[in-house]
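Both complexes shown next keep subunit A, but they swap its partner, so subunit B is in the first and subunit C is in the second.
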Partner chain A sequence: MTRRGTEAAPGRGAGKPAGRRAPVTTASPRPGALVQIVLKLLRLVAVLVVVGTLVFLSMELLPGGPAEAMLGVSATPDSIAALERQLGLDQRLLDRYLSWLGGVLRGDLGQSFRNGQDVSTIVADRLSVTIELVVAGQLIALLMALPLAMISANRRGSVLDRGVGLFVFSVLSTPHFVIGVVLIWLLSVNLGWLPATGYMPISAGVGTYLSGMIMPAVALAAAPFAQYQRVLRADLIETNNREFMLVARAKGVSPLRTSFRHALRPSLLGLSTVVGITIGTSIGSSVVVETLFGLPGLGAELVSAVQARDYPEVQGIVLVVAAAFVVVNAIVDVLYSVIDPRLRQRRRTRREALT
Partner chain B sequence: MTDTVTVPLLSVENLKVRFATPEGLVTAVDGVDLQLGHGERLGIVGESGSGKSVLIRTIMGLYRPGDASIEGDVVFDGRRVLTMTPRERRRIWGSEIGMIFQDPMNSLHPITPVGAQIAEALRLHRGMTRKEAAERAVELLDLVKIADPRRRSRQRAHELSGGMRQRVMIAMAMACEPKLLLADEPTTALDVTVQARILELFDSLCGEFGIGLILVSHDLGVVGRHTDRVAVMYAGQVGETGSVRQVLERPTMRYTGALLDAAPRWGRDHQVLPTPIGGQPPNLLTLGPGCHFAPRCPGATDRCREARPALVAVPGQPEHRAACWHPIDAPDPAEREVTVR
Partner chain C sequence: MTTTTTATGGRPAGTPRVRKRRAGGDWTHVVALAWLGVLIVAMIALPPILGLDPLALDSTARFSGPSGEHWLGTDDLGRDLLARALDGAQVSLLVGLGSTAIAALVGVPLGMLAGYRGRLADAVVSFLVDVLLGFPGLVLALGLAAFLGPSVPNVMIAIAVPLVPAFARLARAQTMSLLTREFIEASRVIGTPTLSIMRRDIVPNITEPVLAFALVNVGRAILIEGGLSFLGIGVPLPQPTWGTMINEGRVYLTQSPAIILAPSVFMMLTILSINLLADRYLLDRTTVAGGS
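Up next is the complex of A and B:
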């Protein structure tokens, strides 16, 4: 039905999507816009089902179970069996999988083994800290990478470019937990400027909030920054060699303005792809960074949940992270056509050729 | 053409441009002298690698100190371009000198709408507001005969045809009504019917606004129909220069003659087949002491291979100068066709 809808709507008006079966009379949506969204949602669901299944099975493969983990050294085979029955772990794997999947599809991520809280509540509580951390890290990475890439590209081969390149490479080859430890050693232990660990919500005052957030954010920003700088520098160099840059110069446009107004935007496609992928891995890196700096985020929670074999929590957190990854990349997809309107056109024509 | 202008718009004196390449120093422009009056149109003709593009880029002052070593003098409107600071150069680029490039497919910004690209120079040099400049850009698109200019000004380069893109480039170069327009093979990338219309546009705009034009081309025919004077370049030097009539009807340097014979032409009642010039354009790294054209010249003698001829006046023709030891004796054009074929 949706497909028939696209065929019947050849107009390129920018109106809101009309009702499902409303005849296409006036402003029709861009052909396929609705279909695109539906397809994206379907893909999201498919990714989540696959990820969920894999997580479910991999938890099963881990040695030890939640009962052993909870009861610790005092565990007896009887007490373990009793607790497993209580948690529903005595049922067959397939039955447990199906009931969990059913719950997820209804929006119920289950309850934590450890304290019986709803997993969705736990995730909701801690998600904001992780989002703040990842966003802050990305902002720092981009704010550093952008000027350094532009300087390097415009002074290609100079001492400055090589110096920046050396710095970027050393950052790239240092793991983020090492950077975190060095930051703590330098800024907290030796200089005493910042607290080593702990999280203060923004309601405690902006200064306090930032003092707790800045080191973890920098540690998380390091590797993405280095990648962004390298990708953007290469794309800028390519753009600088294009003829329209010479035309801009011959128009009398100043070097600063040419690099911001003429070179930057055509060079952003590669960067936005890398940003999309990196945000996903950044959520993964936040596991280590949050643990290191004692931030009550999703990553730190995931670590303790894995240690306790708290299946529902692990599965819930991983699902949320996977969903975030898919959503971020969908946003990047939209961003492409904002950066370069030609892509919108091309996709549209390709779709028209297919129908 | 006969009116004499006291101070020329542009004068180039003994210009030499050298580039350092891994293989050695290449002299792309080797002692060129040129003069251009206000509103005058000069054509520069030559094969690829003859130094045409380097010459006009140097005239504009586009090379940075590290790019090339430049000797000689370029005086534009009483100011010496080569000693200008980057800031002074930027002030004349796009406002007093406009430049049009060869490939309209790649010379427009891929994302910025074309109207805004035209408006940029106006805002920069004329201090117009965004609105005024956008309005003027639409007028300029109309001036270069683009239909529906308001709609087109909001479109991007990829939505326009090659000819339209070059029109946009012309509008961009014309935006601030420059005194000098430098066009680097402006029609080479376009198909023939579009070529003619673009060149007619040059004619009318330069005539209307009194703009001095340097039209660079490898096509002697194009240059002949759309300029007042011609300079033929070979291996970085001017081999022959004069009015279009003088050079095309009475070519004196043998390279000019060969270039004319290499272009297909139609005689009064018989087709004259083109005669290609044998050999390759010279390697600028291994130039001999003699005339650079000697290795490819059928009439070359030992003298040609040993010493370089100077650019001297052709007897009886003021302003027509040629550098050739064995100049072609001014034959009647019709007679020439007979002797060639």
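Up next is the complex of A and C:
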């Protein structure tokens, strides 16, 4: 795509005098960047549409179709036909797809099999808990990873660094639910400091809210923390080897100041990439963590919907989660260039070299 | 060993520390291999030797601690924890290896095609990868497992699908970097058919990174399998798996934490070993994946 765009620019000006060509090529990066953003947005929309279509079609893949799956063992041909009529399943696939798509665009995700509630209402009620959990988990992960990465990078190869490394690796290799169970066993069963389950909204008081939220957030933070520490440590070590760090040290800037003021910012790019990916995986992991701690979030609802074979609800939740995931990744993608001006710079020079 | 000595010989004073650090690395690596070896041998040899049955109920020995008869103790129904953990190991390793193999067999050819052909093939494969990456791994596996129904092959498929895009991306990137090399160019110039270039030139050259990456994914697959089983949506009962054991033991946390301890330690050590080995072979090429 981009290659064709850059070839077109000089081609258009080929017949014109050389003096005219220069402004065309120097002006090309700006519209190029805009076109790229529009293309990215179109791709985002296309991905969302295909994701939605796949989620819709998944119902069709059920053995015997959705009605039979819904009725289970008690299904008779008559009851299946009646339910199909009731759900509009006797209509053509394309018609059903279009009306489903129209509903989704209007925010109508269908009705739950279990209680006839609107799936969109269920999602709206539970989304905030999951968002709170994921955000809290990310904050804890970053707050823990930052100092440990800096210590490890500055004491590279020391006993401390290797100890931290092994700890981080162990955390990385432990599933969330094991960490959660260990936390419950330690803090609730043995010490009795925190309630094992039970979520209280923040309106019930900050203290009660935090006591219900802290263990799930830590359990969710574990794997992201380990990944952040590894990535940031590696990037910090690379930055520490750069000349400007040598200059800073030679100048007599204190180690603490060099690590915060000089080394940190240029080392954040790798971390920001991983944060984007990890927020997504955290949304997935919240399923396990919410179930374990009895949090009334989207993930726990998904599990109970799956167990009850409540397909419209499964569809609706998977769709919302996937959409959130795609959008978060797109935002992070855009944020890279905001965080690191070098990326913008580099892209422009490469473009100029091509044209 | 010889390379280490020659390397230190050529370096100035203070080098012993470098050698020591390497030895430390080797040490964890050996322990990792040893654990996996012990696990596999125990998994195959111990049940017939000790007559272990993961489903046998012993109502006289409920919640019992470690003893000569039950090495790791028993659970709420008096079932032997060692027998169950070893039986769970079989399932976890089978699902881990199986789903990784499926993901690699689907993802790598797709990625090679995209990298080699470029243009339309690349656009289509990249789009498919984007779509699959549109779902968080565990949620996709959960949804698939729900729709496919509970059985070991279905769980493998449900776990393999979220792993496909990473393999496709890796193979695509590796293939594209190979295309710039002279031997491939030469092969194309003399008119070698595409399929034999793929088979003879590309496949052997991307095998190593793909295998190293596959190792990480075995760990990731075991984590996802554990998560699914923990949620009660994985391998169907009564087959014990580490995830189901932890889920069942959750209720008896106050009475007998050992029920959870045994499968947790097995699971952690196994994934840790796999990650350590993968880290050694991957060096800094990719970050090891964690979580569930």
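Definition applied: the second predicted complex is superposed on the first by the 257 of 355 C-alpha atoms of A that agree within 3 Å, B and C clash if a C-alpha of one lies under 4 Å from a C-alpha of the other, contacts with A are read in each partner's own complex, and residues count from 1 in each chain.
Keep this in mind: a contact is a pair of C-beta atoms (placed from the backbone, for glycine too) under 8 Å apart; a residue touches a chain by one contact, two chains touch by 3 or more.
The model shown is predicted, which means the values in this text are computed figures rather than measured ones.
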Determine, for the superposed model, which of the two partners subunit B and subunit C contacts more residues of subunit A. C
Between subunit B (first) and subunit C (second), which does A:46 come into contact with in this model arrangement: first, second, both, or neither? second
By the touch definition at the top of the document, which applies to A:247: first (subunit B), second (subunit C), both, or neither? first
In the superposed arrangement, does A:322 touch subunit B (first), subunit C (second), both or neither? second
Counting only touches as set out at the top, which of subunit B and subunit C does A:37 meet: first, second, both, neither? neither
Contacts for A:181 in the overlay, against subunit B (first) and subunit C (second): which applies, first, second, both or neither? second
On subunit A, positions contacted by subunit B and by subunit C: none
Would you mind writing out the residues of subunit B in touch with subunit A in their complex? 60, 62, 90-95, 99, 101, 103, 106-112, 120-121, 124-125, 156, 158-159, 169, 172
In their shared complex, subunit B is touched by residues of subunit A numbered 242-244, 246-254, 262, 265-266, 339-342, 345
In the complex with subunit A, residue positions of subunit C that touch it: 17, 21, 24, 28, 127, 130-131, 133-140, 142-143, 145-147, 149, 219, 223, 226-227, 230-233, 243, 246-247, 250, 253-254, 257, 260, 264, 267-268, 271-272, 274-276, 279, 284, 287-292
Subunit A contacts subunit C in the complex at 43, 46-48, 50-51, 54-55, 58, 61-63, 157, 162, 166, 169-178, 181-182, 184-185, 189, 222-224, 226-227, 230-231, 234, 274, 280-285, 287-288, 291-292, 302-303, 306-307, 309, 314, 318, 321-322, 325-326, 329
